[in-house]
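Next come the structures, one after another.
Here chain A shows up in two complexes: once beside chain B, once beside chain C.
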Partner chain A sequence: MTNLKTCLGGAALLAGAAMFAGTATAAETIKIGASLAVTGPASFLGDPEAKTLELYVDKINKDGGVNGKQLELIVYDDGGNANNARTFATRLVEDDGIVAMVGGSTTGATMAMVPVFEDAGIPFISLAGAVVIIDPVKEFTFKTPHTDRMACEKIFTDMKARGIAKIGMISGTGGFGKSMRDQCLDVVGSYGIEIVADETYGPKDSDMTPQLTNIKSAEGLQAVINPGFGQGPAIVTRNYRQLGIDVPLYQSHGVASKSFIDLAGDAAEGVRLPASALLVAEKLPDSDPQKAVVLGYKTAYEEATGQPVSTFGGHAYDGLMILVEAMKRAGSEDPAAIRDEIEKTSGFMGTAGVVNMSADDHLGLDLSAFRMLEIKDGDWALVE
Partner chain B sequence: MQALFSHRLAVPLVIAALVVALSFALPSSFYLRVAALVWISAIAVIGLNLLMGYAGQVSLGHAGFFGLGAYAVAVLPAQFSLHPLLAALAGALVCGLIAFAVGRPILKLKGHYLAVATLGFGILIAMAISNESWLTGGPDGMPVSRMTLFGWRVRGAETWYWITGGLLVVGAWIAVNLVASPTGRALRALHDSEVAARVAGIDVARYKVRVFVISAVYASVAGSALALVNGFVTPETANFLHSIELVTMVVVGGMGSILGSVAGAAILVVLPQLLTTFHEYEHMLLGLMMMVIMIVLRSGIVPSLAALFQRRRK
Partner chain C sequence: MAEFLQFCVSGLTVGAVYALVALGFTIIYNASDVVNFAQGEFVMIGGMATVFLTAAGVPLPLAALIAIAAAMVVGLALHRLAIEPARGASPVTLIIITIGASIFLRGLAQVVFDRQFHSLPSFSGDTPIQFGGAAILPQSFWVLAGAGIIVLALWAFFNRTLLGKAVLATAANRLAARLVGINTSFVVGFSFVVSAAIGAIAGILVTPITLTSYDIGTLLALKGFAAAMLGGMGNPLGAIVGGLAVGLLEAFGAGYLSSTYKDAIAFIVILGVLFVMPGGLFGRASVERV
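Moving on, here comes the complex of A and B:
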């Protein structure tokens, strides 16, 4: 019993000591906070984001820091849980005394944290997808990833260029698929495209043949779009070929990873999807202004972690760099001054594209941020 | 001294003293928020403890009621512009009714079967919340409008600290009274032996349903409080892992102990915050500490320590 008490006491002391060590170095550093889904179901987002932030904060510090001061990154793991994220956000503001925040891997976590940073007046660059984060615009909240609405617009632009006017839609019912379906339905009208069949499937369904059969029999079908995430789209792609549907199939940016091609196999041939330039870094022509940035990030990340690069880590890179440049321009660590400079970001070249922010656009990306890719011979190919 | 501690009001008074004392000790609103989260979890855990610790029935779906309470204060004000307080009341009422309706068939089951049935029920609610996105905002969650009381906007960690602390004291007070009432004695009787309880003339089914309804209302109130504190709800509040977390709080703190419920909630809410400094080892350490606590303090923290003190004194 006494042994246990000393054990627990020791652990508590250790924890206390570690916390003190954390706060003791304060004075001459600039503190940046991050609350990311490093573990849990959304760890495919949070893990590369955390690694990217740590990697680049180290790099920046080795090169002399920002405004002559070293950066100090404080990362907490919220597991994608909104309640935890909210607690960590309060902790970062109240206890750690950060001057700016990068992260929030999921939309839920981000939305739960927004009031904390808005109240405290601390700039917050989110790494989550949904458009609600920046629409309506909130004074201190920004984000770096392109929205699902933009993915819809990119796909519809490509369809229009190919003379497609009647399409079928099959979407997943998970958060990603549902949100993108709504956005696509919202913008489809302005492209003169009509949705002649609208089907859905659950996140754990293993066969989408019935829904695709319905779509196949729709009158005048010219293409099919599949907003979805995870393995659903791979199954859709396989079923699509099995049913011998011969109109073009469009996938979303949600499946822009090598594992999609592996899962769908030969069926993926000819599938088109909008994706970040990061995916085709080597294939970009040398004249492309984005090539240096995406290739630089890809090489640095893969060298440091030994893992293939993902677009999510890229969002963290963009967020950190936008913040660092704003701090340099502001020449101070005053959160309000940093916020003003982030809003003035223009011509910033990130992994997601060129960022031009303004008072009523806290994302600052346009459609050129997405590249239209086609899968050819089991690899990505640029369509331009 | 002994008499003082065994008095019915001792437990709520101890909790009230704790709430007041901590308010002086906690330096910033981050700590106040963590404390408020402890009070909120403790409310749900007290309810669950009445069901598990006193009546001996397990529920692996209590986060379902918690989630319903949380979404009640998010959805009702947004859709029908109901006042959040009324919405919380409505949520508690609905949870009570649902618990009453499903209670009878479910509580006929025993042991593992009861566990599986409540688990299924909890998962059903979580699924409904994340699928009905037109109403609940789906997996991304939805905002909760801030509560106004007599023209005053309720906000800030300190305000919520006092509100949730007050709720906890009231909850604990109701719970100790319930335990000391004939209902409480009936519950303990059916915990020890359902057959014996029935022979003694206790309507076993009715008392089981009654305590199930009460514990559902506790969970719902806690859920509403959390949603109002956060100003945002996500379906995670209702999910299976949260149910497990609540059960763990009951067991770690001590089955059949109101103070234990607060201790269990405190440990599971505060430990992860302390352990963040260990980064990758956080989850491992948390698991290890839970195991050690359960091995050494077998009947939960508060009952085990209380027994220890009594033995020392003798």
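Moving on, here comes the complex of A and C:
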């Protein structure tokens, strides 16, 4: 919070200074914008994202900047509110004169900002989850996090490998659960898996035993998947064990944090979920090409902030690094040239996986980006 | 049959919490005509304070007692600082004050505690007890027994003690109560303290099952309000029956109909009661209060 204030204050001062100093200051720094949900209900996304951007912009500047120029990061706090995000996007383009944008913590905020950057022709790397951001492809819009569709595919691949063909689904009705439920229903057919029970629960529901009782009594049930977010999946997991349902339980990447294990307690044992390699950085084999990147980011973030690393901050790291590499390859800060180079990103190793972008893929991740984890003895363990 | 039993257990456990919230509504409503929408926040304070005290190393029973005491202080403060200064105002104004207090307490909880979800260990283990094919958590018995004991204690208090009778007298006719020498302002303040204690106890008992966070109070207050309306506003027995009924309706609704509308059931109950029998199940025939 203090960081943000200083940063906003700094940004305002610099903007003021720039007005008086004319173009001299503007030419010496490369301005990168960010509008993040630093406070508010989505602050668990925006807070680590903002800290990551500040941390790495400082690092890059200490190492001499990009193309011989210092980076200047301008962060606004949109609180996850789409209206605010749109206002800040306009301000970043028209008043601050940024050359590229990283961030948009939530899908709502991102979609509100897309038209501004598309019109202005400024590359925009979003840190939000939903597949609609890059499908259909928009010329200047990119994103770094995996999509919920990929999470479904990863889970179904694992189920298929275990010979599971009939599953129950219990999803939260919040934005995340609803979207992932739709995506799972969309792809489930191509894995030869049948959904024999489909239940939902409200975001603030505190007891899911009735829904799970129905799932338990479904004919031929072999596994259960729970697309959801927040405390709901923890209660589902507890109720699941209470009812003694003994088929495997799959959670989503939405609960890939330590607090899920704490809340679900012993009930979390044996739960599987797809997640970023960041969660198991130390446990990756040394031969894993991603190990150096995730361990490096984890160490740097935890040392600088004193907080445990989260996958969301990792998305910001990926976005910033893809942008910086594109600017280096372009050798200029012309937004159109940067856009072309971002699209050519290939073999980039980020915290989310290997990124290979193309004209019709502005995400560039494949299923190998997700790791299937299982909770063992109150900690994450790699399944393989 | 096993499913039916499971839905019953699930409904009764959740219903017992709604019943305790509804009971809190009832006690304050009887003493002051105010529907206290900050009632859910007492439940939150009970759970959250216990979580943070146990995390700080305080043993669970002591932490629970301190949490209940803290909720009682908040209840007293709510009465002394917000309700009492506006005592001439209409019940509607006072109700709006309690909504403001509820928002304030939620904001305060975000600062004093945090914005995360928290849990408490179950009081007697997590191994479910099998009964006729239904799995019952030991904590469910704690919730049901706790609710039962509170109801008995309140019954004894209202019928066997002078102070309890003073509360009843104030509820029946405040002016007459004042004329026979009852300090009605004290009685109203006392009802806030008792309601806060009941809410906090409910919060502590239920946290191992439902988890807790700074914002659980809103939904609980609405569900508890639906329960109190169903039972008949101002009737303690009605509050209990209404709470259990709303809990059971939710569980059966989610189990047999569709889980999509689970949270809507409480509100359908409110609408149904208002349309069909404004007095509720145990309400007085003529309702003059608004």
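What we mean here is this: the second predicted complex is superposed on the first by the 359 of 384 C-alpha atoms of A that agree within 3 Å, B and C clash if a C-alpha of one lies under 4 Å from a C-alpha of the other, contacts with A are read in each partner's own complex, and residues count from 1 in each chain.
Keep in mind that, in the parts below, contacts are C-beta pairs under 8 Å (C-beta built on N, C-alpha and C of every residue); 3 or more make two chains touch, one makes a residue touch a chain.
No experiment lies behind these values; they were computed from the predicted model shown.
Asker: Based on the superposed arrangement, let me know which partner A:Thr173 touches: chain B (first), chain C (second), both, or neither?
Answerer: In the superposition, A:Thr173 contacts both chain B and chain C.
Asker: For A:Pro210, using the defined touch cut-off, is the partner it touches chain B, chain C, both, or neither? Pick first, second, both or neither.
Answerer: Touch status of A:Pro210: second partner only.
Asker: Kindly classify A:Asp77 by the partners it touches after superposition: chain B alone (first), chain C alone (second), both, or neither?
Answerer: first
Asker: With both complexes superposed on chain A, which partner does A:Ser190 reach: first (chain B), second (chain C), both or neither?
Answerer: So A:Ser190 meets neither chain B nor chain C here.
Asker: On the A-aligned overlay, A:Ala234 touches which partner chain: chain B = first, chain C = second, or both, or neither?
Answerer: After superposition on chain A, A:Ala234 lies in contact with chain C alone.
Asker: Is A:Ala112 contacted by the first partner chain B, the second partner chain C, both or neither?
Answerer: first
Asker: For chain A, what residues appear in both contact lists, the one with chain B and the one with chain C?
Answerer: 173
Asker: Hey, which residues of chain A end up touching chain C in the complex?
Answerer: Residues of chain A touching chain C: 43, 173, 199-202, 204-207, 209-211, 213-214, 217, 230-231, 234-235, 238, 241-244, 259, 262-263, 265-267.
Asker: What residues on chain A touch chain B, complex-wise?
Answerer: 1, 4, 7-8, 11-12, 15, 18-19, 22, 39, 76-77, 80-84, 86-87, 90-91, 93-95, 106-108, 111-112, 115, 130, 132, 173-175, 178-179
Asker: List the residues on chain C that touch chain A in their complex, please.
Answerer: For this pair, the touching residues of chain C are 3, 6-7, 9-11, 13-14, 115-119, 121, 126, 128, 135, 137, 206, 209-211, 213, 216, 219, 250-252, 254-255, 259-260, 262-263.
Asker: Would you mind writing out the residues of chain B in touch with chain A in their complex?
Answerer: On the chain B side, the touching residues are 28-31, 33-34, 37, 131, 133, 138-141, 143, 157, 226, 230-234, 236-237, 272-279, 282-283, 285, 289, 292, 296, 308.
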